Structures are given as C-alpha cells and as structure tokens.
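Here is the structure we will look at.
Think of it as A, B and C in the order they're written, each chain with its own count starting at 1.
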Amino acid sequence: MKKLLLQLDTDPMASVFDGVVAFDAGVDHILPYGGVTPENVQDLVYGAMFTRGGDKLKNTAIFVGGSRVEAAQAVVEKIQETFFGPVRVSVLMDANGCNTTAAAAVLKMNRAFPVRGKRAMVLAGTGPVGMRAAGLLALEGARVGITSRNKERGQNTCRLLRELYGVEVTPYELDPRDQAAVQEQLAGVELVLAAGPPGAVLLEEGVWAELPQLQVVADINAVPPGGIPGIKPNDDGKERKGKLCFGALGIGGLKMKLHKAALARLFTANDLVLDAREVYALGKEL
Amino acid sequence: MKKLLLQLDTDPMASVFDGVVAFDAGVDHILPYGGVTPENVQDLVYGAMFTRGGDKLKNTAIFVGGSRVEAAQAVVEKIQETFFGPVRVSVLMDANGCNTTAAAAVLKMNRAFPVRGKRAMVLAGTGPVGMRAAGLLALEGARVGITSRNKERGQNTCRLLRELYGVEVTPYELDPRDQAAVQEQLAGVELVLAAGPPGAVLLEEGVWAELPQLQVVADINAVPPGGIPGIKPNDDGKERKGKLCFGALGIGGLKMKLHKAALARLFTANDLVLDAREVYALGKEL
Amino acid sequence: MKKLLLQLDTDPMASVFDGVVAFDAGVDHILPYGGVTPENVQDLVYGAMFTRGGDKLKNTAIFVGGSRVEAAQAVVEKIQETFFGPVRVSVLMDANGCNTTAAAAVLKMNRAFPVRGKRAMVLAGTGPVGMRAAGLLALEGARVGITSRNKERGQNTCRLLRELYGVEVTPYELDPRDQAAVQEQLAGVELVLAAGPPGAVLLEEGVWAELPQLQVVADINAVPPGGIPGIKPNDDGKERKGKLCFGALGIGGLKMKLHKAALARLFTANDLVLDAREVYALGKEL
C-alpha cells in the first residue's frame, strides 16, 4: 500500500522544499494543498481518515507547513479536533522549519557540551525557533533564559513554555543595540543560541569572544552578517576564540536529517503528533 | 506506460478522499485540479487527448468529482463535447460519491431480497443518490416510488429518470414529519431506502418495525440519528424486527470497492463513460 | 533518488499536456504549480535549490510553461537571478510549445532540403514560434526573412534575433490579404514556414503552387483552413505540386519527441538552460 502524505500548507502555494524532502524521505506520493486554513481543512482530513481502515491508516499521514507558524499551529489544532477515536492519521508540523531547526540546534549544542545544569541563553527567544529551542534546552536540564526587546513578549513566551512543556524559563528584556548590556547579561552563561530574524545582529564578535565561561555559540541565521558575527554558516563545532561554534548550515544538515526521519516515522503508526519534543527525541536516536 | 488519472474537482480544492482511493485503485499518478468548471475544463481535456496516441490513450483517464453533483454533471457534459471521434479518454463521474453509493445500496438490497417485481420506495428520492438508486431499482424490475416533500420536484425527478434510464418511477408527495402518512404510503412496500440529507429523520423505528410486508430497510445516512432510526451505521444485512437492515457504513464498504473497481476499469479502454448504471453493472461482476 | 520536475505554469492551472509528457519522459514525480509569476517564483526555486546537495541537485529540474510566452520568459529570467554559483537546477522553457515546435519545424525543413545558403521566409514571423524558427534557420545558414503586417513589430523581432542569436534576419511588411504582394515577395524563396495564429490564411494554394523555386512548404497551424491551404495537417514531407509539404501534425510528432528528450536531458546535469537552440541541437542528435 502506497505511503501517501497530505501536504497542507498555509501559504498560497504548497512549499517545494517540503515536497522534495517528503519524496527523499521515502513517501510514495504527496497530495499538496496550498491556502489551507482551519476553515477549509476538515474535508481534507476526512479524506485521510475515511479511505483506509484499521491498521492501514498508518499509510496515510499529514504534514503541516507554511511560512507562518501560528497559522500552521491553528491548522494542526483543527486537524486534531477533526479526528475521533482511533480514526486518525499521524501528523508532523514543521512550519518554517521551526521544529526541526530548534531540535537540530539543541541536539548540536548538547552533544558539544552537555547542557544539564548549565546556563543557556536564547537570544531573540520569542520566535518560533527560539521558543522551541528554549523549551528543549530546559527539558534537557539547562537553566535557560530568553531575551527579547519587549518585556511582555518575553514573559508571554515563558508562560507558554510553562503550559506546553512544563518548564521554567527566565525572560530578560534586552536590546541588542546595547551590547554593553548584552555582555553584562551573558556573564556566567555557558551556551548561547541566536534565534533572531535575518538582518538582526544579536551578539557582536568582540563581546562573545571575551566571555570567559561561554563554551558554545550557535546561530540559526545564515544571511550575512548573521545573528552572531564571527560564526561562519558552515561551522559545525568549529573552535573559534576557544568556543565551539555552530552556524546555520552546520545545523542545517542535521535539521534535514531530522525532517526526513520525522516524515519516515509518521508512517509507523496512525496516531503520532510530532512536534519539537518528538522530533528532538527522534534525533537522539539517530 | 504510467496510468495517469486527471482528477477534476468542482470544489476549490481537489478531494483528498478521491485522490487516496485513486492510488489504492492502482493509478500510478494523479493530476489533481480544483475549481474546475465547464468554462476552464477544455484545455485540461485537450492535454489528456493530445499526449498519448492510439491504443495508448487508454492509459490516461478522467475522474470528475466534487461536492456539488450538478456542477460535476455540467463538467462531464463539456468533457464529452470536447472529445472528437476516437480521440478521447475514459471518464468516471462520482461527485459526492453519488454513483458508487447508489449502486452499492441497490446491489446490497437486491442481493438480500431480489427486487424484480417487488415494491420499493426511495425516501427523499430526488437527491443525487436517491434518484440514481430509484433508477437502478427500476432497471432491476422493481416497482419503484420516490417520496419528496415537494410534488413538483418529485415529478421532475421521475421525468428525468424516464429520459435518462427509460424507466417509470412514481412520485409521492410526503412530509416525513407526518409519520402516519408515511406509514400509510409504505403499506405493501417490500424495500425501503432512505436517501435524505444528514439530520432528516424519514422513517421512525416504531413505524417500520410494524410494516408487515417490509423486508429490507436501508439508509445511506451515517450521521446520528440517521434517516431511519433503529438501523445502525454498521448494519450489513443484520436482521432487526424481522427485516434485513443496511446502514451507511455497511453499504460504504461495497461503495469503496465499486469506486476502486470503476477506476481500474477506466484504464481498460479509452472510450468508457462510467455513470451509475455502468458502476452497478460492474458491481454485479465483482 | 527520484527525478522530480517542478512544473511552473503561468496560467492559473498547470498544463495537463506538460504534466503527461513529463511522466512519459521518465520523470518520477511532478510538482505542478499554476499562477506562477516573477513575484512568487523565488520561494519555489529555493525549494529546488536547497533540498538536494552537490551532484544530487541534477535530480531536480524545472519546466516553465503556460500559454503566454512572454510571461513564461519573465519567470525564467527571475529563476536565473535566483540561482547562485553552483546552487542551481536545470531549466526547460517551452511555453505554448514554442521552443519544441520551432525546433521541430526547422529540423523537418532542413532534413528535407538543407537550408544552408538558401532563401527562407517565415510568414507571420514575429510570434513566439516564428521568431525562434527564423533564428534557427539563420543559425543553420539560411538567408531568412520574416513577414509581419506591422513594420515596427517585424523590425523589433529582427533586432531581438540579432541580440539573442547573433543573426541577421530581414523584416518584410506584408499583409496576407494581398496575395499578389505575397506572391511577389516570395519570388526566389525556397522554403516557407507559416507561423501565424489559427484562422489566419497566410499563403493561398494557388500562389504557392505556382512559385517555381519553392521547395519546402510548412505550416504549424492545424486548425482548418490552416495558414497555408493545400497542406494537410498530417503531411510529413508529402510531395504536393512538386513541393515537400509539412503540416502541423507531421511536425507535431517530432515536437513531442523533442519535448521528451529535452525533459530527459534536464536530469543529466544541474546547470542546463534549454531554449530553442539547445532543443534544436538535441533534435539533431536524435
């Protein structure tokens, strides 16, 4: 029986990236849909639920993507409401690569320098990747902070992490244009991850190079100058200034592996919902 | 040469249900299109007609679906106008599952209790499934009536059945809220099929249980309370109150088989047009 | 690794024709997109660029189609701007079949009567097929003219051919309703190709039959009465009135072969851009 992936994308056109990765993950066929919303997703999901019965249901699965993470999250919620009892299929959400990127970054950091009991800071940690990475670091036992220019946004993110992941993360109000304040805030921090948008420099090279306790510096931003100048996109554990560095492409290789592994995993059961934690757990098995 | 199915759907998004069933029927690839209308279908059909020549044309076929049966019917008509001479491909129309559902219901009923010479009534028989089921029952030799709350609608349906199927079906004006009138109308009827929309109770349990000549009770509606309370969706010939009962899921299993068999049949020739009668005939061979 | 073709179409619905031909050319899966514009193509192209690395990139390719050649050309330009360095995939543009039709017509003509040093005229030669055919004929060494009812349009086309192909083609202002003028202009011409739209008669049978030096008469228009009445659509080198005739279907068989060969070629490298000249060269190898 063919492995079919329903590719539900909240952007007007279904992502080519996600389509190609699905084929490379061993999916036999994709059924791609753009412009998916909570309002129109129900009939699509019914089509996945009511075509293959019993144990065969696991041969159909759903991927939810798109550039807007919150829109995709709303679609995932509607999908889960649509399922009932055992009549369901497995779901992977990875809008904007948020789950696979967060999982890959934390896996890289934790392998380089086990985070349990350590101090970690996620710069610009209120976005989709940053929030998830902060949650994963906390679940691994790190003492985690996130920074945001906006106090309330930081607090909201920490509240959300408490609800969703059951972890305590500390919000810091911090404007990256004030690198003296950044330096002060990072005193004693052992791992830093920059999770900001393209174009925003979050941590200057002159600052991180001089932080004595800092061991791991990671940046998910590949567009020059990156969120942490001095790290190269291809860095994959490269030592610079005495710190282990991870750039966006160094993290990206593992991210791609996780994406494929998560897609393959979907077809092993009909009731999986793969979010950041499940993808992370899967990455630890690889 | 790959078996390609053009999936033409009148809804904005091509049905996942129909796509999955196509793969399970052995189609190699589907080319799915949503938002298909008589106005935009011609170029799509040309693409099916002018790419594979002669005997190879049978490796391409067209499925027309969507939730609105009349819109799909209009697309089918335009498709047939677009073909010329031997330059054509086979077509299956099954908008809203109307043809496969009607065929499956009548097959089930006729196997349980051969309908030739018997009295059959299709409740709410002016809709897409009801009309087709009435026509198939009449073609099998039953004396068929359909009920409708609207006299004119019932008469129109019977006129259409005379034109399309060459059969005589009798219209009855009947409001299901008046179950005394329903009971009276069903006196002497041996088979009943409920073909109404979700939410409409057409025949109360207290009524059908007490009709002495009634042998077969079938309902295509799976949403509680169903069109005929007392029948369970999974009933597949189950005896209740001395009658053989068929529920929506009991009929649905055969419907799915017919859908797949009809799709597979498309690729055996390039000039088939599969409607309710052809699907029904195919079901008798299964 | 599966061969994936991104089918980018500027029409609202991706062409069925191009999809079917892609499968018949050996593509494993197509990812079809309608409504593609220079504004929305970039993310689609990124998805092709960033999913398969290094030598594996050649397993992904792009086809650009649609009924409007200029719109497709603009998409191709944007695609090429989006690539950088070795991170690219191969591209075939064949909107409205312009490149494969032009290449097939010129291949047929040149095989029937080698064009080097000969006089060739492309009637209504400013459209997508006519322009490309004129360029290919000139590259083969013919002395080429194109006709247009509009003087300026003809001059623009010749200027474009000089820029794009580095060839000199002569524009002639000619109204096909004045067949006496057509006859005069074609004196001494040895090959004629009609490249006009359906419905426009460009060269009457009574005229071409009497042109003593004319050896080859070709017409890409299959809709009766065709651009050159007297040629039959199926003519494939058929001698009529002492001239070798090629009709639209006679040319169409080779066009289809070129289309498939070009698609197959895409997957041999990741940096090809197949336009009329490349498709023509490919046809000479067949």
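Keep this in mind: a contact is a pair of C-beta atoms (placed from the backbone, for glycine too) under 8 Å apart; a residue touches a chain by one contact, two chains touch by 3 or more.
Here the structure is a predicted model, which is why all the values come from computation and not from measurement.
A.B. asks: Looking at chain A with chain B, do both copies bring the same residues to the contact (over half shared) or different ones?
C.D. replies: Interface between chain A and chain B is built from largely different residues.
A.B. asks: Can you give the rotation angle that fits chain B onto its twin chain C by Cα atoms, in degrees and rounded to the nearest 5?
C.D. replies: Chain B sits rotated relative to chain C by 120 degrees.
A.B. asks: Roughly how far is chain A from chain B, going centre to centre by Cα mean, in whole Å?
C.D. replies: Here the centre of chain B sits 46 Å away from the centre of chain A.
A.B. asks: Among the residues of chain B, pick out those that touch two or more other chains and give their numbers.
C.D. replies: 29
A.B. asks: Within their complex, state which residues of chain C touch chain B.
C.D. replies: It is residues 12-13, 15-21, 23-24, 29-30, 32, 256 of chain C that touch chain B.
A.B. asks: Inside the complex, what are the residues of chain A that reach chain B?
C.D. replies: So the residues of chain A in touch with chain B come to 1-2, 4, 6, 28-29, 31, 33, 35, 40, 43-48, 50-52, 60.
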